[in-house]
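Accompanying notes for the structure given below.
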Amino acid sequence: MKRTFRLILDCPDQVGIVTRVGEMITRHGGWISEAAHHSDEDSNRFFSRIEILADSLSFGIEELREKFEPMIDEYQMNLRLVDSATPKKVVLMASKGSHCLSDLLDRWKSGDLDCEISCVISNHTGMQGLVEWYGIPYHHVVIDKENKAPGFAQVEGLVDEYDADCVVLARYMQILPQALCEKYRHRVINIHHSFLPSFIGAKPYHQASRRGVKLIGATCHYVTEQLDEGPIIDQDVARVTHSDKVEDLVRLGKDVEKTVLARGLRDHLEDRILVHGNKTVVFS
Amino acid sequence: MKRTFRLILDCPDQVGIVTRVGEMITRHGGWISEAAHHSDEDSNRFFSRIEILADSLSFGIEELREKFEPMIDEYQMNLRLVDSATPKKVVLMASKGSHCLSDLLDRWKSGDLDCEISCVISNHTGMQGLVEWYGIPYHHVVIDKENKAPGFAQVEGLVDEYDADCVVLARYMQILPQALCEKYRHRVINIHHSFLPSFIGAKPYHQASRRGVKLIGATCHYVTEQLDEGPIIDQDVARVTHSDKVEDLVRLGKDVEKTVLARGLRDHLEDRILVHGNKTVVFS
Amino acid sequence: MKRTFRLILDCPDQVGIVTRVGEMITRHGGWISEAAHHSDEDSNRFFSRIEILADSLSFGIEELREKFEPMIDEYQMNLRLVDSATPKKVVLMASKGSHCLSDLLDRWKSGDLDCEISCVISNHTGMQGLVEWYGIPYHHVVIDKENKAPGFAQVEGLVDEYDADCVVLARYMQILPQALCEKYRHRVINIHHSFLPSFIGAKPYHQASRRGVKLIGATCHYVTEQLDEGPIIDQDVARVTHSDKVEDLVRLGKDVEKTVLARGLRDHLEDRILVHGNKTVVFS
Amino acid sequence: MKRTFRLILDCPDQVGIVTRVGEMITRHGGWISEAAHHSDEDSNRFFSRIEILADSLSFGIEELREKFEPMIDEYQMNLRLVDSATPKKVVLMASKGSHCLSDLLDRWKSGDLDCEISCVISNHTGMQGLVEWYGIPYHHVVIDKENKAPGFAQVEGLVDEYDADCVVLARYMQILPQALCEKYRHRVINIHHSFLPSFIGAKPYHQASRRGVKLIGATCHYVTEQLDEGPIIDQDVARVTHSDKVEDLVRLGKDVEKTVLARGLRDHLEDRILVHGNKTVVFS
């Protein structure tokens, strides 16, 4: 993987944006290794993600940012520049269910998730030894049913302390406080165990079983104040039949959950996701 | 396809049902070519579908039915016996959209749907010539927005007259009167253009686009008094992205709709579907 | 669908191509509505497809082509410019099996395939009436087992006469002469009823059944002199089980065949496919 | 999961087998909780798998076996009786790639694989600590390129010593000696990283990339003397595009590999797989 600078931007659509951006890059010898654009007709908004080989420029990312300053004003751009060589810091949160956590850890160790895993926070201790085998700090933070505030204060303290770029709820069975979600807006990724918007809320596999659906699903989304209603990043499904009991749905669903969460996280880590309103543009 | 008698039954679960049924069949030399069973633990109910080669018995389906009479009482069975040599009579209903209708007609002509298509009823005339090329009567029944009763009376008259075993709403964009649905309970099959229970009601692709889902779906179900809430027969999905506009969802959805409707109808024609409560057992 | 000029090009990769092309378009007020690029690292070759809104330019496609002339030389480009308002002329070829033909005709009539269907050529007559109902000329060309040359000469004559942009083998069960394939290189699209490169050659479903595979597939590809070895455009699969006989594979495969062929044809009609070597770049 | 006795049998097909077997079970009060049958028309062979609730019988599995003795002779049956309460002993073999191993270990710990994992054998040491965290013995057995015999003798010794019911090659990159495969016939499960029969042999993802396929796959199969040609248990695929390099295929393929291997192993552990010739009947 060659080092790149990732340019992610959105702005009101108009003629010539791609070219202006391209000119700026080319003028300085920048080699574009990947580029994707999207014009949303409903909102008349333009979205773009461009990867520039770092070696092809004679200066660094800060100077590149400065060069784009005038364009930001002119086009009313939201613009981010990200150095692929700076891995994002990720905090994983999990409860008892180990499938997503175990899956992410193996992907990370195998080099398939380009990030630093700062720590794992859990309200259970069952996976502590495994997490530590991976060389990752494990924090057991009890969430007291009667008084959740202290527990979540501790969680927030840890996330802040690790200076997390991203928080992944890897089947963390607690609802995060709204303030925390807002502080880390579009940086908290959840996996919901249903094909949203079906079966919002608790026990979706039980709901699915009662409704008699023939496919179950999972949805990776950014967490917002509205539970299970944040911008969807990715979804997938698995086939079930009348002979599958709730516990079978739970088991079959795990494969979908872990795969979809890992795909969504990977897209996030590679800065492929742009949020607008309650929807995502995913340049994958 | 060898001629078979299909035995479809459900009853409270208890020891020995399969064996008792099997004994009855074997005692008369019946060759079981296919058998499937299901015990529903929640309702403690047993479901079974058995195909017996007609040639292996020395008598006909009526006599076979008589032999099962005592068992029906003893086990409080719902029991149906169906002769595979008697094709079901199907009434197709369609509006402007031709993809499901055209698809079903080709499958039927190719021998992949074992039924008689009694007629097509439509509130539009665009497909009349094509339907008639297939040698099938076409009835144009206008549904007047202001006064739907006369139109639906005509529809019901036709369905009755053709003595339909099954009515297929092949993207028929009108809501059938409740009385008609009840009269043909579990024999009216609809294709809804969403992954139910998501996006119940009108314009599901518009709803899907607004929600920003990453998969769209279609659901084949029996029509009941509750719109889009009948027992689900089959479902499937297709992947979409941020770059797919509503019209793309509509187009991509067509493939899912026609495939799922055809699968569901085929299962119905082969008596593979047993309804209990609002769910289906599908022995496919 | 707004009218666009599609610019499709490939050339040796180097810095600044996208920008140079973009500058040329922007300089003349061209509005890029869609753009996709690909750099193939193995061959160090660059591929691009750009759609420009025709209305945004003050001149026509010929003048646009002229403006690109110098760049073609400089960058050793293969460059095509296509007007989306000029539908491609497609010749469909079919044998007895009707599923792909019927499916394509309905898609075309529904407006989902942007082309002109010049004619259908078949070595059978079963579908003549249906094709003519669609208002499309039907040519029955017998291919004599003992002497195929005259039949194929007639086929070639028709394809030439209709000035076809594209020939679609919609389950046409004859092998086209090599000369014809070369004449219409990368313009003859076939659907092979297996997941290539598995089960090359005759009776792939029989081969699949013998091998005991758990998925069957279909492959849409450009026809080249090597049977079933041309560049792959699209593929898909369907799940099968031990209980599916060869005739079930054939039936289940039809759904995959017609869906994959239609997707591949649509990509071809929208000039989304670039061939290099024996592979395709598909900008979908 | 209630304890059951699993009856797995195959024999030449004839009238009344199911009933005779059912009578035997019912006569002794046996409650059949699950039953599946298959008649293979080509070979005229009958296959069956029946689960009987252990509690419903007044005797154990040995006595049940004795009761079936006469039937075995009469029908020339292969018959196995398995107690679901006796977990199978599984030996896992792995090389450097950790995704399948890590996935199976988490499934096992989560209770989704009903077996005993006797040990892990590997020609690498990277995963030793993780395996031991799960409380499973780890054996590092070097396979010397120049002289593989001693290594494989050690492997065979371990498999014998642990009295393994089943050996799982979880991306074990060595070819097992033929004698070992024959000794554990239909009990050595491999995951091949292609959609067999495509891309038999080494580096299938490189082969797939060269051929330009649009789907990659994985195949779980029993190992036989013919490399990659044993009976297929399960397969699945994932979509790829021209922009996916070989390393992307490798990464995307991992998800398919681990999911398919786990499904196949689960079916094996539940005695759902019957092999005949080079094919499998999978009662799932």
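Things to note:
So that you can tell them apart, the chains are marked A, B, C and D in the order they are listed, and the count of residues begins at 1 in each.
Just so we're on the same page, contacts are C-beta pairs under 8 Å (C-beta built on N, C-alpha and C of every residue); 3 or more make two chains touch, one makes a residue touch a chain.
The structure displayed is predicted, hence computed values, not measured ones.
Touching subunit B and subunit C together: A, D.
Where subunit A touches subunit C, the two copies mostly use the same residue numbers: shared numbers make up over half of all numbers in play. Across the assembly, the mean Cα position most removed from that of subunit C is the one of D.
These two copies of the sequence, subunit A and subunit B, are related by a rotation of 180 degrees on CA atoms, to the nearest 5. Subunit C and subunit D have Cα centroids separated by 41 Å. Computed centre separation for the pair subunit B/subunit D is 37 angstrom, with centres defined by C-alpha atoms. Contacts with at least two other chains are made by no residue of subunit C.
Those residues of subunit B that touch subunit C in the shared complex are 97-99, 102-103, 105-107, 109-110, 112, 129-130, 133, 251, 254-255, 259, 262.
Across the complex, subunit C meets subunit A through its residues 15-16, 18-20, 22-23, 25-26, 29-37, 39, 56.
Note for the complex: subunit B touches subunit A at residues 38, 40-41, 195-199, 211-215, 217, 231-237, 241-243, 245, 278-282.
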